[in-house]
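Order of writing sets the labels: A, B, C and D. Residues in every chain begin at 1.
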């Protein structure tokens, strides 16, 4: 059994494991990997491009109009790229999302590794092409992520964990959970990225995506606090997978369920029988 | 019969009462309550986070770009959270919305109380975590609500009543009324929150949600004019429930229908028979 | 036969006339009229409220961020109000739209008059309530329409005709024409209002709706160039009805079809037979 | 066989050619051409109008709020116009998109030429009417495209190629590919135009559409670097057609497929057999 499935088993015994386990030999897997390459290329080109373009017209100052512009660049890019590649690759465009999908057993570990390689490759190529077309005076650090003055590494890590938790929660609720509004999932996921950028950009740049952080960092050599953008998203995605599968899809006693049962038995049963006999 | 249903009976005799009356013992009710906890946590984290983040980059000044940024933070947060939790809890994320749904008899009173507790708990936790990650220089009152210079308590109350009336009207028209566009309800409801913030933020902060007001007020101790953010939303939600159910779903003579009948008989029948014999 | 149908017959002989001709006695018609009252009330409250709120924070200066804020206030208000009242009244919220629907024979003239009365009544009430809650220092002319410096009456009229033409064209293409994307019509129509405001606000205020112009004008007594906001929208709506029904729904020879036939026979048939034998 | 189909055959032997090959004599083709005329007229009127209107209120300065306003004007205009004309003409509104659809064999060459003529005609008329209603002090170059200081012709060409590649990729993924989310294609395509403007406007103006560039250039005589706006979009559209059809729809060995097969056989088969025996 692949490692992803084993991990998923360990975290969440009742997850539906292996439903989509596919062979590496399939053309579909390769199409998916190429789609992830292109989509991550475009995402970094458009996201970092939005940072660079809005920086060029605002003299690098971050104000509310630039914040909103950056949020739209990233959020709407995700809307269109998930809509375009969802049917081909699942439209992850983010190694943290891929991790959560692998943990859920919806994609096997080998396909996950193909996606990861392609995502990082696409991110570097997107940043490189953006650098090529951008006048040196505008380049700055090409939209690399970094912590704001006053935000220390731990606060930044917590922010990235919360942001990625929300993102992956929405991914599970709208695109993985079959009760969710699957038809509007690209919109919901992209809008999630939009609103998370409004909140997160002034703190950490709002990565929630190691590939988005890695691309421009590689091209410009900006590695300060880079660890935050790997640990934050990967931890956040794992927690969101675990909470969503454990509480909202899961049907037996697990940590979440056990906690709920405990609260239920101790607090609400007496109240319930008093009020609703 | 639960109190909610009784109230609904009193306000609006023909409402479809008790259709979804569920037992407190059901796992579904608990999943719903936990979903409300998480969604309200996220809503306060993202909404107040948008206020704090845009305040950090604009030096606390409220101008049109910050107004729009705050409106997007709250509105898009509601889009994604209703899309994510709609199938689990109904996606209320707001005690005033829960009140109207209880009055309509779609959720029984006990489940409503579970939701209310979880919403206020989630709001306080969301504000607390936001405070933890935010540098003290940016915190301000963490997006607590308050009345603008020149807006007295009564004007603020009327504004909150109108805003919440529109919100709950849209909730009933798109998500409760089976003729409505249920598939796009999360978008419609979230966009409603967006536009209501554009109008209401400069007046009262545009709460329309006692939990959203309570969370940061609790964490920062900002209680000035706090009563407006409880009475306004609860009155507005009750009125919207009564108008929507009484006029647009209801089929017998009620206050709205009686008024319409009166106008019809006195004004339009003569005109109608003159023009369209 | 009602006058609307007669006019429609005259303009466009093949329009599907009278399909929805309803009796004034029906409760449905009254519900529709009340829905139009409420929706136009909300639209004026939110649209003018957006103008007032953004003016309050920008010291009445019109810049790009306020332009965008005003466009969102009006556009998103229409999205949510059409989504909410579409199933009840058709979601016109605009006398010019109602005119085009009456001309198309989808609503009979009496019901059209009921809608018109309710729309103007709702607009005046919405502006009045907005005035009540707004501090006098912010009120200005409550978002009444007027022509910019350098835009004369005729240019303003042409702008309003073009704007309303686009609006009613989209209404026909997405909500009347059964081939159109009816499920997303509220979004398409509201987004149309949004983009038309971006272009039109600096010229004429972008009314395209006599009720929206009339409400705040009545409450504040701002009547300068008011004729533009009646003739422009009503002419634009009539032209759009005529073009859409005549060319895109119509199936026999009419002015549009005749022109197309003429161009076809004189220009393209020789070319076509040369290239595609 | 029409030239478009022949070219498509040459580029991509397995494309589904000739599926929609229609006769020039059909009324449908003429309706389509007239719809393309109107839609391109409106697109240029609204897009250039957004540039002019935001320039009028910002004293011609390009800052982040104007950038966002221009992006919304163009992007939302495409949302509503594709939604309105998609069922009539396919909703191209762009000669580069029409080229890619002709290459894919979905529209025959003659119909493509009809569309092209109408698109350029509509663009010139739209710019002309906009000029008529606009006070001379605001006109500038009516939103004509040009290269920013520091962006040379080749960088501009690459930017336009990438932008158009993304646009046509999304068109194929959401509207041509039957697995895609066809119902939300107008939204996805228009949002693509929106995000591409955020990135591209400070560099080249973000044309990706020769008709959009040609209209205001013709009316104001602004021809500097105009070649970029023909070669960039046409090359980008051709590449996107070729990549999408060749890799994601195509099922036999082609350049993309061959490359993937090569990488697969040399790199992943050993790894795959080691990890997933």
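The definition used in the following text is that a contact is a pair of C-beta atoms (placed from the backbone, for glycine too) under 8 Å apart; a residue touches a chain by one contact, two chains touch by 3 or more.
Since this is a predicted model, take the numbers as computed values, not measurements.
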Check your understanding: What is the chain whose Cα centroid lies farthest from the Cα centroid of subunit D?
Key -> B
Practice item. Look at both sides of the subunit A and subunit D contact and report whether the same residue positions are involved, with over half shared, or different ones. Key: different
Point to revise | Whole-Å gap between the CA centroids of subunit B and subunit D | key: 41
**Study point:** subunit B-subunit C separation of Cα centroids, rounded to whole Å
**Key:** 29
Review point. At which residue positions does subunit A touch at least two other chains?
Key: 63, 65-66, 68, 183-184, 187
Study note, to complete from the structure: Residue positions on subunit C within touch of subunit D in the complex are 62-68, 71, 148-151, 155-156, 158-159, 162, 166, 169-170, 173-174, 177, 179-181, 183-184, 187-188, 191-192, 194-196, 198-203, 243, 247-248, 251, 256-257, 260, 264, 268-269, 272, 275-276
Practice item. Using the touch definition up top, name the residues of subunit A that touch subunit D in the complex. Key: 2, 23-25, 27, 30-31, 34-35, 38, 42, 45-46, 49-50, 53-54, 56-58, 63, 65-66, 68-69, 72-73, 76-77, 79-80, 83-88, 108-110, 114, 129, 132-138, 183-184, 186-187
